[in-house]
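The following pair of complexes shares a single chain, chain A, combined with chain B in the former and chain C in the latter.
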Partner chain A sequence: MGYQATIKKLGFSAIFDIKGDASAASKRISHLGLVLPSEVNTATEKDGQYLCWVGENHWLLLAPAEKENQLLETLAPHDPAMDCRIVLLSDAYTFFTVTGNQADEILAIASPLDIRLINFPKNAATYSELFGIGGLIMRRRNGYLIAVERSYTDMIAIYFEKVVTGKG
Partner chain B sequence: MLILPCPFCGQRDESEFVNAGPTKPSRPDANVSDAEWVDWLTVPENPIGYIEEKWWHAKGCGKWFTIKRHTVTHEIVTADVMPDDVGKRTGETT
Partner chain C sequence: MIKAPFRLPSGGMIDRRKHIEFEFNGKAYFGHEGDTLASALLANGVFLTARSFKYHRPRGIMGAGVEEPSCLVELLGENAAGNHPATTIRLRPGLAAKSVNCWPSPNFDLLSINQLFSRFLPAGFYYKTFMWPNWHLFEPSIRQAAGLAAAPDEQIPAQHYETRYWHGDVLIVGGGPCGLLAALVASRSGARVMIIDENPHPGGYLRASQTMMNGKPALDWITAIRTELDANSEVTQLWDSTGWGYRENNLLMVTERNPSEAHVFQRGWKARARHVILATGAIERNLVFTNNDRPGIMLASAVQRYLNEFGVIPGRLPIIFTNNNSAYQLAHELQAAGTKVTAIVDSRPTDVIGSEKNGLEIPIYAAHQISTAHGGKHLHAVSIHAKDGVTKKLDCDLLAVSGGWNPAVHLFSQSRSDLAYDEGLASFVPDKQAQKLSCVGAAAGMMNMASAMDKTVSAITTILGELGFESPTFTLPELVPSPNYHLYPLWHVDGMKPGDKAFVDIQNDVTLDDIGLAMREGFDTVEHVKRYTTAGMGIDQGKVGNVNVIGNIAKISKKQPGDIGTTTFRAPFTPVDFGSIAGQRNGATVLPFRHTPITQWNKEQGAIMYEAGARWQRPGYFPIVGGSMQDAINTEANAVRFGVGVYDGSPLGKFDISGRDAAAFIDLLYTNDFNDLEIGMGRYGIMLNDDGMILDDGVTFKLAENHYLMSASTGFADLVFRHMEYLLQVECPNWQVWITPVTSQWCNATICGPKARDVLAALGTSVDISNKAFPFMAMRDGSVADMPARICRVSFTGEVSFEINVWPRHAEALWLRIMEAGTPFGIVPVGSETSHVLRVEKGFLSLGHEVDGTVDPFDLGMGWIMSSKKSHSIGRRSVDIRRSSGKQRRELIGLIPESGGELVPEGAPITPNGDRIASEGFVSACVWSVVNKQVIALGLLINGRARIGETVIIRDQERTIKAIVTKPCFHDPMGHRLRG
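Moving on to the complex of A and B:
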């Protein structure tokens, strides 16, 4: 039995890990036009950039790959500011999209996360478990955006293939 | 399978967490006997009833927290709450 869903591995994206005081983080990203999410485990969006609130003092900034150099200059990740640490993580993650009428069914197999809209709304973004490893899950139109550590890319791609085709 | 109350993320499946064992009493004085030291270090209490234990939301937000769980029914009666300062960030903008 297969599912009506499409899994697509995406190309490179710019990812910055931001940890520290909320007001300091807010200042460091203010030039991007992004605001800190007001609800835990949600994301704000501006011009294709996403800021995800994924931990108590922890945010992830996702942006198109072509913006990486500009972000490196403006975010100054190597600035050793004690109140807010920014680290470039673009090389560490691989992104997948899970879309289609039965994307929810695929996520329900891959993760124990409660993805009902009441608990995982349209702007939701959180770390959870995916096929036994940790990963980022964001709700997108008609599906989900998934990020897993790059070393698990092939394994996760195979697992998704098995789930979607029902040949596992 | 347990559903655990992460102070940051809310109710999440046990598989997202790592159990870090029961909370311990304070470290004994360095002059205690070896037997007393080993007892404190390695022998966990295993009562029928409520225990306090630490959990790490390893595959989630990374938060450490403590819960009070019944060892038979798995009922969780207390859990850490989000610090006030995090709640006050709600609505914060640039």
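Moving on to the complex of A and C:
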């Protein structure tokens, strides 16, 4: 009964919201070895760090939790004087992974996003609707990585439980 | 052997090896796998299955599919549901159903007495009859009598509804010959295809008839196509599914009734394709003559389907009444099945009846019409008349009628595409497409199958080319040539008299007389006729009768049907379960909700949780053992006023605003000055919309030069964000301002009350919290209880308050430490009910109460916040223009109601002398004040500030309450306590 998919709520990650001029943003993150995504709705990756395009002159930097302090120092997030603004948002999101043979089925239930590979390729990352709220969706091997605003964590967990198990 | 007296010994597509027991109106019957409830009832000789909506006339099954206007049933037991046509319910073991709209049974229905008074119950009678003394006096009884089945009480057990999305290249609605053909060709091209059909099996008319293809039964052709589609992973086949809504950008709403996944009861699909093909076929229409609703009168196409798909002939003495040649196919098939057809009554003249009659050994009454059907609970004869008036009575127990065919243009019309009237078909056909869609087959008005299939291949080839796919080679099946469709419109038979019960809309009991009455009373457009008579409303939405309504309007008004036009085709095309629309949004997730890290603690303390705006769940109050809600609120409020309380303020909207032009932007947003705000300090501000009405209020702190932390009301944070983004993107596109919502990045626990400073000190903090070092409206970064924190001195309670902001990762730990450190001081958690009491005592405004979209700061006595120093802020000009008129406005006041300690409902109007006349104000909030020991209220009152000391009258439905007008602050008006 239910779908062959596994939902996992992930632990804490370091997250930074980056807004502003692309060249300034690029310079601010250059020491991370990350480049800005060249296409909308995609992400670049380097050493477990992801830089996601989430809007015009707007990116989201995801990194392992242990890098948070180092990034706080090196990205100077409290300095608004430069031509881009970097704000710590590590606590603002909760991550889930959706994996398994029927991960696509779960996403098709959760989101109106067209997840066909032709439209949502391997490096895809985008904000879209997820169970009626906004969420970040990234393609991963054997499934998807999803980020939702932390306050919705319990609601999304219930949704996933319902959909995967077919109960409720 | 189980007897089913009207089931043929062989034939049909049911599985005769599998018997299924079911129950209808409390009686057990048997059917077979593959039956519908309707086919099984007919096989068992159950013809009286329903009562009509208004007159409670006996009714039977008239159709065989979604067009059924007559027999609605309520499903009982597990998977209970109401108002399903019996023709669309698949027979399953244990199925139990009962007729709707009758009591105790369709055979003996008490309300059938309505038939005796039918002449007093024409269309619109209740509009005219139940006006005095008051419509609402009669409304409940009328609604009770008019209702159909009740909504089920129980949840679907062990399964659930699901909604999901689909994206693809070609979506085909309709699995008849043209739809299947389109799916086959599209799938071979490599396109991603979805095909949907109402029925559990594809084939459409091919299953309902004895059509041969390539010299073999058409079922072979269907099977071959289905096998090929099954093997193609890019093809999604949804059988027993309804495409019921056509939305923007080729979005189709589909309900799948029997998904293959065991855990899914029904599934709602939101399917979007680059191109949609509507192969929805056509629906046969009724003929209008006296008593044309008697059980035993059925659509010819339905009889044909029962014969061929279910092996049932629902009568021994059939007659066919038609105005076209399509019904002759039924005559041929009945004859081949060994049934003697008594007669064909054809309203067309002899000379136009062509090859369709060849081979028939049945009397044909050409240029004849049926004037009336005889029988009460079942048909037993018809009277026919010729053009010259000669009448004859023919015995029969089954009358198959065909008034012509209407292309099923419902989805086409829903797509906002245009229809045109086709005189040859006497119906409406697709004309101009508004979206990327095509109609094929009978849905496009092509009634000859061979040419329709040929044109379908041409159409899909063109479509695939446009989508970038190469069309595969394909050979059309060979069909036996059939005569071209031909009819003479017959909107009603000749010789009708006033009072004859000739129904144009069977489901809603709308007669030809009703149409005439509506038009005589001036309701002479099709939309007005619909609303006056209810024709075309209800569950079948006039699938069988609507074009007859239009034809009769045209006939009465001496116009062409094309000049009359159609009513609006609305979704859903057929009834669908609400559950299939809502999907997994039920139970705990019926509405979105948001939690803070303290939510679980609040629940564990037994807090009554409320939605507190923007879907945040907050504690309303913390019940106390043996006490009422008011006792709990009083306890919490007393703690804040005289001791200490703490509340979870995390949901408060928060924005990080920075950039070169951030300071100018803040000044533009707020009506007051922020340009002299010092770093580390905050200021209360009000922002207006363009109309000069209050949009939101809140405190903004200056963190650094051109760097601010703005707070917004919980429920209005999204609106404020949108407002700010609009300004930046539209009004000030060259300004460098970055706004980052940080609501969920910061939680806060607000300690408030005279002992708040003591609790904070007990917690331990690196910040000097003396009033001198840390004054009101200041902000300090430091640590609290060894956690990094940002402390703000703001107050929504009127008492000393410390808002301790931490990252959510620390929030629960901080909260537990606060409760621990606060215990010696008697700290209590505070809910939103108490916050409401405290702010009313202080006269602090609240959005949704005093701020209802119609007030500006002057109305609230806050003219001081409208800076006269700066040249511009959003909404300022509108305020100035409005106030220059000098008109009196509603102003914020306090009220002391003489209600004997009872709270006055919020929203209660204040009217001059308490009369039932236009109000002069209203009560915006009313609470029991713990400091005043009485009921106090806030309100808005015309010219209120000039009326302080006056007594006004509040209306609470039928009673009136006197109240004394006061200043809108009941506690510490100078604000000494919050600055302490």
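In this section, the second predicted complex is superposed on the first by the 166 of 168 C-alpha atoms of A that agree within 3 Å, B and C clash if a C-alpha of one lies under 4 Å from a C-alpha of the other, contacts with A are read in each partner's own complex, and residues count from 1 in each chain.
We adopt the following convention: a residue touches a chain if its C-beta (ideal position, glycine included) is under 8 Å from a C-beta of that chain, and two chains touch if they have at least 3 such contacts.
If you're wondering where the values come from, they're calculated on a predicted model, not measured in any experiment.
Novice: Which partner does A:Leu88 reach: the first (chain B), the second (chain C), both, or neither?
Specialist: second
Novice: Pick one for A:Ile133: touches chain B only (first), chain C only (second), both, or neither.
Specialist: Touch status of A:Ile133: both partners.
Novice: Is A:Asp154 contacted by the first partner chain B, the second partner chain C, both or neither?
Specialist: second
Novice: Per the overlay, which chain contacts more chain A residues, chain B or chain C?
Specialist: After superposition, C is the partner touching more of chain A.
Novice: With the two structures laid over each other on chain A, which partner does A:Pro112 touch: chain B (first), chain C (second), both, or neither?
Specialist: A:Pro112 contacts both chain B and chain C.
Novice: Check the residue A:Val54 against both partner chains and state whether it touches chain B (first), chain C (second), both, or neither.
Specialist: first
Novice: Of the two partner chains, chain B (first) and chain C (second), which one does A:Phe12 touch, if any: first, second, both, or neither?
Specialist: second
Novice: Considering only the touch criterion stated at the top, classify A:Leu36 as touching first (chain B), second (chain C), both, or neither.
Specialist: Only chain B is touched by A:Leu36; chain C is not.
Novice: Under the contact rule defined above, give the chain A residues that sit at the interface with chain B and also at the interface with chain C.
Specialist: Residues 112-114, 119, 132-133, which sit in both footprints.
Novice: Going by the contact rule at the top, pick out the chain B residues touching chain A in the complex.
Specialist: For this pair, the touching residues of chain B are 8-13, 15-16, 58-63, 82-83, 86, 89-94.
Novice: Hey, which residues of chain A end up touching chain B in the complex?
Specialist: Contacts found on chain A: 22-23, 26-27, 29-30, 34-36, 38-41, 54-56, 58, 112-114, 119, 126-129, 132-134.
Novice: Which of the residues in chain C come into contact with chain A in the complex?
Specialist: For this pair, the touching residues of chain C are 159-160, 162-167, 192, 261-264, 270, 272, 583-589, 592-596, 599, 616, 651, 656, 658-659, 662, 704-707, 736, 738, 740, 742-746, 807-809.
Novice: Tell me, which parts of chain A touch chain C in their complex?
Specialist: 1-3, 12, 17, 19-20, 78, 80-81, 83-85, 87-93, 105, 108-109, 111-114, 116, 119, 131-133, 149-155, 158-159, 162-163, 165-168
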